[in-house]
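Order of writing sets the labels: A, B, C and D. Residues in every chain begin at 1.
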Amino acid sequence: MAKKEYAFYPGCSSQLRASAANYLVSTNSMCKVLDIKMTTIPDWNCCGASISYAGGSELSRLVMNARNFALSETHLPDQDIVATCAACWLGAREAKHKLEASPQLLADTNEALHEAGLNYNGKAKIRHMVEVLIEDFGYETLGKPVVKPLEGIKFAGYVGCQTNRPFGIAGESFENPKYLDKLIETVGGEAAIQYEQKVTCCGGALAFSEPEKSQKQIRDIVESAYDQGADMIVTPCPLCQANVEVYQSEINKKYGTRLAMPVTYYSQLMTVAYGGTAKEAGLDGHIIQPKKLQDIADKQL
Amino acid sequence: MSEMKTAAYICQGCGIGERLSAKQMAVVAQKEGKMQLVREHAFLCSAEGVQMIRDDIEKEAVTHIMIAACSRRAKTEAFNFPDVTMTRANIREGVIWSQPEGDAAQEIMQEMADDYVRMGCAEIKKMKLPQGTPDKAQNKRILVVGGGISGLTAALESAEAGYEVLIVEKQKALGGWAARLWKRVPAKSPYTDPIDTGIVDLIASVTQHPRIKVYLNATIAQTSGAPGRFLVHIATENGAAATEEVGAIVQASGFTNYDINKLPELGGGKSQNVVDQAGLEQLAIEAARQGQPVRRPSDGGEVSSVAFIQCAGQRDESGKHLPYCSGHCCNTSIKQAMYFKDSNPGIDTVVIYTDLRTPGMGEDFYRSGQNRGVTFTKGMVSEVAAHGNSCTVKFKDIILNEDSSIEADLVVLATGQVPNSGVNIDLAEDAQAEAKPVSILNLTYRQGKDLPQLKHGLTDSHFICFPYETRRTGIYAAGPVRRPMDIAQATEDATGAALKAIQAVENASLGRAAHPRSGDLSFPIVRLEGCTQCKRCTVECPFGAIDEDEKRYPVFNESRCRRCGTCMGACPVRVISFENYSPDSIGNQIKAVDMPDEFSEKPRILVLACENDAYPALDMAGMQRKVYSAFVRVIPVRCLGSVNTVWITDALNGGWDGVMMMGCKHGDDYQCHFIKGSELANYRMGKIDDTLKQLGLETERVTTCAVAITDSARVAQLINDYAAKIQEIGMSPMKGFA
Amino acid sequence: MNELNIKYHNNFLKEVEENIEEGEWIKMCMQCGVCSGSCPLGPYWAHPPQELFMMIRAGKREQVLRSDSMWMCTSCYNCVVRCPRKLPITQIMHGIAAYANNLGMAPKIQPTRDFSILFWKNCTRTGRVNELRLTLGLYFNDGLVAGIKKGWAMRNIGLGLMRAGRLNLFELFKGHECKDQKGIHAMLKKAAEIEQRHKHLTA
Amino acid sequence: MTTPIATSQTILVVGGGISGMTAALEAAECGKQVILLEKSPTLGGRTALLYRYFPKLCHPVCGLEINLRRLKGNRNVRVMTMAEVSRITGTRGKYTVTINIAPRYVNGNCTACGECARAVSSEIPNPYNYGLDKMKVAYLPHDMAYPLRYVLDPSAIGTADAEQARAACKYDAIDLGMQPETIELTVGAVIWATGWQPYDAAKIQPYGYDRFPNVITSLEFERFTDLRGPTGGKILRPSDGKEAKNIAFIQCAGSRDENHLRHCSRICCMASLKQTQYVREVYGEEGKSTIYYIDIRAIDRFEDFYQKVQNDSTVKFIKSKVARVAQDGNSGDLILHGVDTEGYHRYANNHDLVVLAIGMEPSVKGVDIPAEIIADASGFLESETSGGIFGAGCAASPLDVNRSVQHATAAALRAIQVINKTAGVEI
């Protein structure tokens, strides 16, 4: 399989010692097996995320994103920008769309970028890691390196919002995307296909500001995973992962529930299935331990 | 035509041969049916079976054939012998498919089949091959009443098909309402902007057309005659009168706008700044002429805000105003709001509606209106109060759920279309006088001056499957006179009406019936010497085809007739008949059956079934193998309206134990193809009870039921229930007296 | 003119169209309500999107801009993908909220507003988000005591994350950051200038 | 199949539904020669599969019977079934039409006795019930089929069934040797009346047609209430055959939606109003219908019917485009989520069955038609009156039956004009 190269845009949460550090770790391990070369965009910056709307003006938020594009174009020409974080991917794609739609905005943006000695000429293509896996590799190829099929584990594939709407993965429906289930099956796990909270919003954007509201969302998402007899939730989004995992203890405290549903990343599943260690899969980065996954990771071949 | 030679053909195919004795049927045909030629065949509808019949017609000079095989509705391509008289005994669907297998049923099933053969033979001897009415009127000119967009379209489309056309318009100029519009709603892609009405070009092509003659300032003083030979007296304003002959008529008399003075609560008539949609078009045309934006009528001031009130005096359930929706008004208001937005985007335009109705591509027009900044709000307007040069529109904001109000310089009321239908012939004279209607056609018809009206004073048309079927043959309503509609639909409607008019003249010229018995060459023949001038035929004819002469004898206008036979059913002295359908052709069938004696425990039940719905339903019962009593004998009739009570009394006198009549639903949502047929039958049968009592019979021995074509399962049930009831009340005491 | 007699006059709609991202879409709403029904936090909206659009057309400036509703948006984009008129509803909600905030009409106590601003400050300060500062920043937003309370309440989570290597105390002193912060600040400053420039042109 | 004689005086009508039959008959009854083409084995089209018409609640096959009788009695119309147009060349007054005819495997000898159907064993989904039940591979489309002649499904060819069917037929009506044919006709004018197809309900993801068995389309519902339908006239849920008494009707399922069909399909409001009366017919006061709508488009005279239904205590109206449909666990019930926009009321309503008032798409794709006939934004045909090809009925615009008939009658006259002009007829 030919080495594939991409410009990597990790985003603020997927850095070492950041809230999605283990996503980064597992992604790197996964890429190694798949022979994907991810070169981090030098000096990349925050996308601003959708939540910054009241802080940053339209143009300044565009400029923040355009800076990353420009950097990528200069240092990693002709490479697709690949984000692992749903919010980064969405923010970047939205920015790109707007700049494509409005010559005025593009001009203004570049005028601002020049202050940082940069220029954006609209080339860079923005993609999510999941897109890369499905479109550039395909399930069959992704299945080949599997040495430890994740037998005996039932996963609730939680797609969430921003990897799914408004852009989503090509060919998938907004209401019932199937790619995560397919990935789960690709690595030999069992998918809870009937999981109806699949695309429910976890309220991530309001996790801090409206905790009780977002925690109600999380409770539904987790309880429905239990209803489906799932051992753990798997997601492609660092914000979903953090919210859904982290706040279960809070919910238990408030409502006397006993939620302890591990929330993992697809990249962790693949790393383990590809024979990676618990460490390589970033399984040490969990507050609620994905026991069954660890067992398989620890199992000697 | 040479003298009658009869032949009977018994098919053995489709199991008839296995389940019945075809031989015996043949014997019956020969011995009792007195058929001069009788043949059996294993597969009668096969090429060589059909050839056999053809040869008989050619070589044996057979003129009347009776085919005992499948239903008359099946194998019509094979059994197609236009030059001879034919009837068919329904042995397949009507006997073997509706009777149980097994020997137990064998005997009575064979009796059933034999009876159908007897009936077929009896009928065919009373039938003649229809020659078509001698009244073949040849005038093919089309009269169009009304010179609005519907009339002009009907005229031009007919002329373009090669027909001569006459337009009679009461105004001094052609164009109607369309000529009073500044622009029209688009009817083609892109559905985004108001477009030119095109009325000027249309008028030009009509007035310049070599085949179109126009009368202006003219009305119809009198219309007499029938399709192919209508005689029309035209009265012009200057007193000059003209008489023209035409073959068919398209009535496109259009509509009048609902009077906004009837809507004072909405400011109608209270302020110059409250106008209806027509009023706004006037303002728009005036403004365009002066090359300036629309001004406020009250003071010529600038218009900065306009409110459009939908359904003004429409969709009204209080009974005070129009109960229906006029269909076009939503698009029209959007168009008019665009007038303002296009002249100055700063003008506020609000459309207050309860349901926005922009079907089809109208949705693009709605979007286009929104895109221009027209505001739409779902609300119920309670009051429009005019003060000074402004108006306050008070309304319940249904979305924001609050009482609200808008200040507007101009208020446009979307009022509805009131059809110009002429006089309502179903109302008593005095009631008409009160309504002061002006007749449009001034028909000399026995049944009234104009086309009958439907609900809401809309002119007659059969409204789902056959929109042009008015109850006056050769006269077709088109445009808003028969149904509220916009220009696009009126254009289609007028074109369709033009076709129907053309069809009417073509049929008349060949002496053929029009829809639904289109092509039928039979027509009512009356023996006037026997007529008692009771007028029932002239009163009951659903199509007003029969007039009366000065001696009060009925005058049949064949090309106005639809061949339903209602007159035949109405005639107490049975002087009316068709060549192939008459009191005798049915009466003889009733008399022909082999009537078992009263001790046989074998009742006989006569079923007179409407051939349009009940008879097909019975066929389908057979196709679905629904079993029903073998004691029934079914006779298809053109319409229950054609059932003459003599058949019933003959049957009862002849020892029949019961008579069932199956016809279509009547009433408001009638499904009778001849409008009143089944209703009349019902009415007549109401009277038969006395006759029954005189005969000392139970009234249950005659029954009528409404049957739909989909009632295949139900008809079998109805028959069986009735058979049970007859068993219960016992055999007819009349047996053996006949 | 007071709000009463500018009802359904398009002044406010026009104001919104001129000042709000994607505001020109609002007039296209046909009041089907699919957005209102699709919002995961729907029950907490005093006025759901479709109603807000109607209020804007009706000229209810005060009620709209002072409303808490649009701050309930979780940016889940359900409404956007279901809208039969393809309105970018999420962006419009953000736009209205931002505009209300710029006019100082947003509710005084509105945690999402605070977090939004805080987030932007936080991420533009060094070019990258400092998650610890962000969290604490929010806790201490309404004063020291409240902050300590909230922090204490959430301590387990914090500790958990630290144990998991996903939260780093050192971020308080030196966290993730971009090298060319000068450039970033310069370009943001420029962006602000450009926007001012456009305002003057339109005004 | 012998190629029928056609000249520049012949009118070709493509599509044997209510519009096509009307256009053909109206032209023929003016004395014109007509060839009526239908791609399925029978005439009647979609209306033959409807239970009742609005607003009279009468039965479509009643009108069909009359039209069939007009047809049987008229020598001017020649009917070709299982025939499709693949190409049209030429201009007004002289077109050359290429027609592909699929083998029926049953010839004119067929008496519709049904022995072949009894002889075969394998079954296929029944398209006349939208695949909701099965039918034999040798079949009569329906009781009102015309021509009244059986069909042998191609899937049977080469199987024992085909042989058994042939053996069972006493009349040599089964001809397994039939081959597809392509013929060319010369005609003077063409009326394009290929009708419509329902929008693919599965594409409307929030309503879960592809996930929840108890979400069906309005067309399927027509079959549910029809005695000849898959449930023999009972309103039963697909999931568990339970009586569905609490039924939701979702309007604008695909229509008025830029994610699906940008136009309003016009008939759906009236169709749902009509179908609430089916529920009443079957369950009386026990039935419950709820209509979720944006605007009720009961145009002109139909307003009467709307008012009638509004006054029906078993029918409820909610002004709302349903946001999404969810299935309630294993009960098979459905929960509709949304907001009643009349004053903002949030709802989560339970229903036994959900009927999607599915939108209309024109069936005009895949044919090589000259440029003189163009399609609008939604693919409906817009004919140029200067040409000789005319759209009729739902191929040209989303229309109800009444308007389709009107439209087809008008199309017939336009075709006649072409014919008469080429022949230089003056009456």
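Following the convention adopted for this analysis, contacts are C-beta pairs under 8 Å (C-beta built on N, C-alpha and C of every residue); 3 or more make two chains touch, one makes a residue touch a chain.
On a predicted model such as this, the values are computed, not experimentally measured, just so you know.
Enquirer: Going only through chains that touch each other, how many steps at minimum separate chain A from chain B?
Expert: The fewest touching-chain steps linking chain A to chain B number 2.
Enquirer: Looking at B-D and A-D, which pair shares more C-beta contacts?
Expert: Pair with the higher count of C-beta contacts: B-D.
Enquirer: Whose Cα centre is nearest the centre of all Cα atoms in view?
Expert: That would be D.
Enquirer: On a C-alpha centroid basis, what's the spacing between chain B and chain D, in Å?
Expert: The separation of the two C-alpha centroids amounts to 23 Å.
Enquirer: Approximately how many whole Å separate the CA-defined centres of chain C and chain D?
Expert: Roughly 50 Å, centre to centre.
Enquirer: On a C-alpha centroid basis, what's the spacing between chain B and chain C, in Å?
Expert: That pair's centroid distance is 64 Å.
Enquirer: Among the residues of chain D, which are close enough to touch at least two other chains?
Expert: Residues 206, 256, 319, 324, 341, 344 of chain D each touch two or more of the other chains.
Enquirer: Listing for chain C: what residues touch at least two other chains?
Expert: Within chain C, the residues that touch at least two other chains are 30-31, 51, 78, 81-82, 85.
Enquirer: Give the residues of chain A that touch two or more other chains, as numbers and ranges in rising order.
Expert: 174, in rising order.
Enquirer: Hey, how would you classify the chain contact layout here, line, ring, star, complete or other?
Expert: Shape = other; not a path, cycle, star or full graph.
Enquirer: All pairs of touching chains, please: list them by chain label.
Expert: Touching chain pairs, listed by label, come out as A-C, A-D, B-C, B-D, C-D.
Enquirer: Help me check something: in the complex, which residues belonging to chain D touch chain B?
Expert: Against chain B, chain D makes touches at 18, 25-26, 29-31, 53, 56-59, 61-63, 65-67, 69-70, 72-74, 108-109, 111-113, 143-144, 147-148, 170-171, 226-227, 256, 262-266, 295-304, 307, 319, 341-344, 374, 376-378, 380, 382, 397-399, 401-403, 405-407, 409-410, 412-414, 416-417, 420-421, 425-427.
Enquirer: Considering the complex alone, what residue numbers of chain B touch chain C?
Expert: Within the complex, chain B touches chain C at residues 305, 348, 350, 356, 366-367, 370-371, 373, 375-378, 397, 399-400, 404-407.
Enquirer: Taking the touch rule as given, give the residues of chain C at its contact with chain A in the complex, in rising order.
Expert: Touch residues, chain C against chain A: 21, 40-41, 44, 72-78, 80-82, 90, 94-95, 97-98, 101, 106, 111-121, 123-124, 127-129, 131, 135, 138, 154, 156-157, 160-161, 163-168, 171, 176, 178-180, 183-184, 186-192, 194-195.
Enquirer: Can you check the complex and tell me which residues of chain C touch chain B?
Expert: 4-5, 7-10, 13, 27-28, 30-31, 51, 54-55, 57-58, 85
Enquirer: Under the stated contact criterion, what part of chain A meets chain C in this complex?
Expert: 12-13, 15, 17-22, 43-46, 48-60, 62-64, 67, 108-109, 111-118, 161-162, 165-166, 174, 200-201, 203-206, 208-210, 213-214, 217, 242, 246-247, 249-250, 284-287
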